[in-house]
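Shared between the two complexes below is chain A, which has chain B as its partner in the first and chain C in the second.
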Partner chain A sequence: MLHTVNKSSFERNSLQSCLNTIDDTSVILLIEDGVISAAKNNNSSMIADLATQGRVYALKGDVEARGISSKLADNIKLVDYAGFVDLVVEHGTAVSWV
Partner chain B sequence: MSTKKFMYLNRRSSFGTVYALESLEVVLIAAAFEQDVSLAFIDDGVYQIVEGQNTDGIGMKNFSKTYHALGDYEINKLYVSAESLEERGLTEEDLMPLVYEDEDDDWEEKPSVKIVSNAELSKIMSEQDVCLSF
Partner chain C sequence: MKISIQINEGPYQHQASDTAYQFAKAAIEKGHEIFRVFFYHDGVNNASRFTVPPQDDRNVVNQWADLDIKDAEGNPELVVCVAAALRRGMLDESEASKNGVDMNNIHPAFRISGLGQLIEAGIQSDRLVVFGD
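Moving on to the complex of A and B:
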């Protein structure tokens, strides 16, 4: 499954809710304010393990809009909109943690 | 017209919601009415003034440049929460170098941004006539 998270983990608990319930094969795509969780910060540990497994993506345009391109945590994979579509196709059912 | 002390609390980042842009609009209106305006950037609001924002990839207006104009409206008290910066792995060097020209000091360019602790911010807030949170 593909899980998209579009809220900052500092402001909402949607990333945590997502992490609490996803299975071992799911991947997470951080979009909109969700990309704040892709930066190195006090919340980075939330997704560090998943990122090491190559299961955390972030939408490039949203990262660049927030000026955090140079501050990404380790092993975050950047994708563009075409990459977003590829993830949807590859992983089937998508859940939007709005 | 009487002057009041207005403080605008900016708590959200720029593009996920419309709060940041709306706050900026209201700030400029208050400045047009020659009020004493301060801005505070707390929580994810600190991302509003991060240097190097590029919105080409999301098709939204990059209004971060507007913060550079605040100095010309005599808005030169921009307080940034040190705790909020640190939680987000950011430092003062990651912020836009926002300045104003000090008319009492031969128009010398001075920094508008001041990093403050939440305790200092709390004191500054208590000195305001009006605090508006966005």
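Moving on to the complex of A and C:
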């Protein structure tokens, strides 16, 4: 499954709820303010394990809009909207954590 | 692949409609079919034909309309939830006359219908992606 998270973990605990819930085959896509969690030295430790496994993506446009391109946590994969579509197609059901 | 989209937030107050639009556009460019876009809760405000943003800003309503999402018979598949719409003063011609209102404001690229359309979109499509707050 694909799980999208669109809130910063400073604002809501939807990323933590998502991490507590998802199974071993699911992937996470950070979009909108959710990309704040992709910044290094922030809450990147929350997603470090998953990122090492190549299961964390972030929407490139939203990362750039928030000025965190140069301090992205390790192993986070950037995708554009076409990549977003591919993730939806590849991973079956899409769950939106809001 | 058949993809449907649900949008729960209005334009210019939240990124949901913009993200959903960019997603829909990318999906169409990749050759997928957007079966239906369902506007729910404050998302119904994306359907107002009275929206007039400044000239140097995007027009979210027209952007959706220009995607030209229709069924085989040419009916719009940008669908606005009737209960959410009427509460917020979003009416088409038929709802306006039914409710004694002298004006209607639903853009012609959209149509008003019921929640059953969202359920049907979920059944008929391979994927349903939700954008909201």
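Operating definition for what follows: the second predicted complex is superposed on the first by the 97 of 98 C-alpha atoms of A that agree within 3 Å, B and C clash if a C-alpha of one lies under 4 Å from a C-alpha of the other, contacts with A are read in each partner's own complex, and residues count from 1 in each chain.
Operating definition for what follows: a contact is a pair of C-beta atoms (placed from the backbone, for glycine too) under 8 Å apart; a residue touches a chain by one contact, two chains touch by 3 or more.
The structure presented is a predicted model; accordingly, all values stated were derived computationally and were not measured.
Visitor: Return fit or clash for chain B versus chain C, each positioned on chain A through the superposition.
Guide: Chain B/chain C on chain A - fit side by side.
Visitor: Quick one: classify A:Lys77 as touching chain B (first), chain C (second), both or neither.
Guide: Touch partners of A:Lys77: none, neither chain B nor chain C.
Visitor: Quick check on the superposed pair: does A:Val98 touch chain B, chain C, both, or neither? Answer first, second, both or neither.
Guide: Second partner only, chain C.
Visitor: Between chain B (first) and chain C (second), which, if any, makes contact with A:Glu32: first, second, both or neither?
Guide: both
Visitor: Chain A residues in contact: does chain B have more, or chain C?
Guide: Between chain B and chain C, the winner on chain A residue contacts is B.
Visitor: Report for A:Phe10: first if it touches chain B alone, second if chain C alone, otherwise both or neither.
Guide: first
Visitor: Roughly how many degrees, to the nearest 10, is the angle at chain A when you join its Cα centre to the Cα centres of chain B and chain C?
Guide: With chain A as the vertex, chain B and chain C sit 80 degrees apart.
Visitor: Could you tell me how near the closest CA atoms of chain B and chain C get once both structures are overlaid on the shared chain, in Å?
Guide: So the smallest C-alpha gap separating chain B from chain C comes to 5 Å.
Visitor: Which parts of chain A are in contact with chain B and also with chain C?
Guide: After superposing on chain A, chain A residues 6, 32, 61, 80 contact both chain B and chain C.
Visitor: Which stretch or stretches of chain A touch chain C in the complex?
Guide: Touch residues, chain A against chain C: 4, 6, 31-32, 59, 61, 80-82, 84-86, 88-89, 92-94, 96, 98.
Visitor: Give the list of chain B residues in touch with chain A in this complex.
Guide: Of all residues in chain B, those touching chain A are 12-17, 43-44, 47, 50-58, 60, 62, 64, 86-90, 94.
Visitor: Residue numbers of chain A touching chain B in their complex, please.
Guide: These residues of chain A touch chain B: 6-8, 10-11, 32-33, 36, 39-44, 60-62, 64-71, 80.
Visitor: Mind pulling up the chain C residues that touch chain A in the complex?
Guide: 1, 3, 15-16, 19, 22-23, 25-27, 29-30, 32, 127-133
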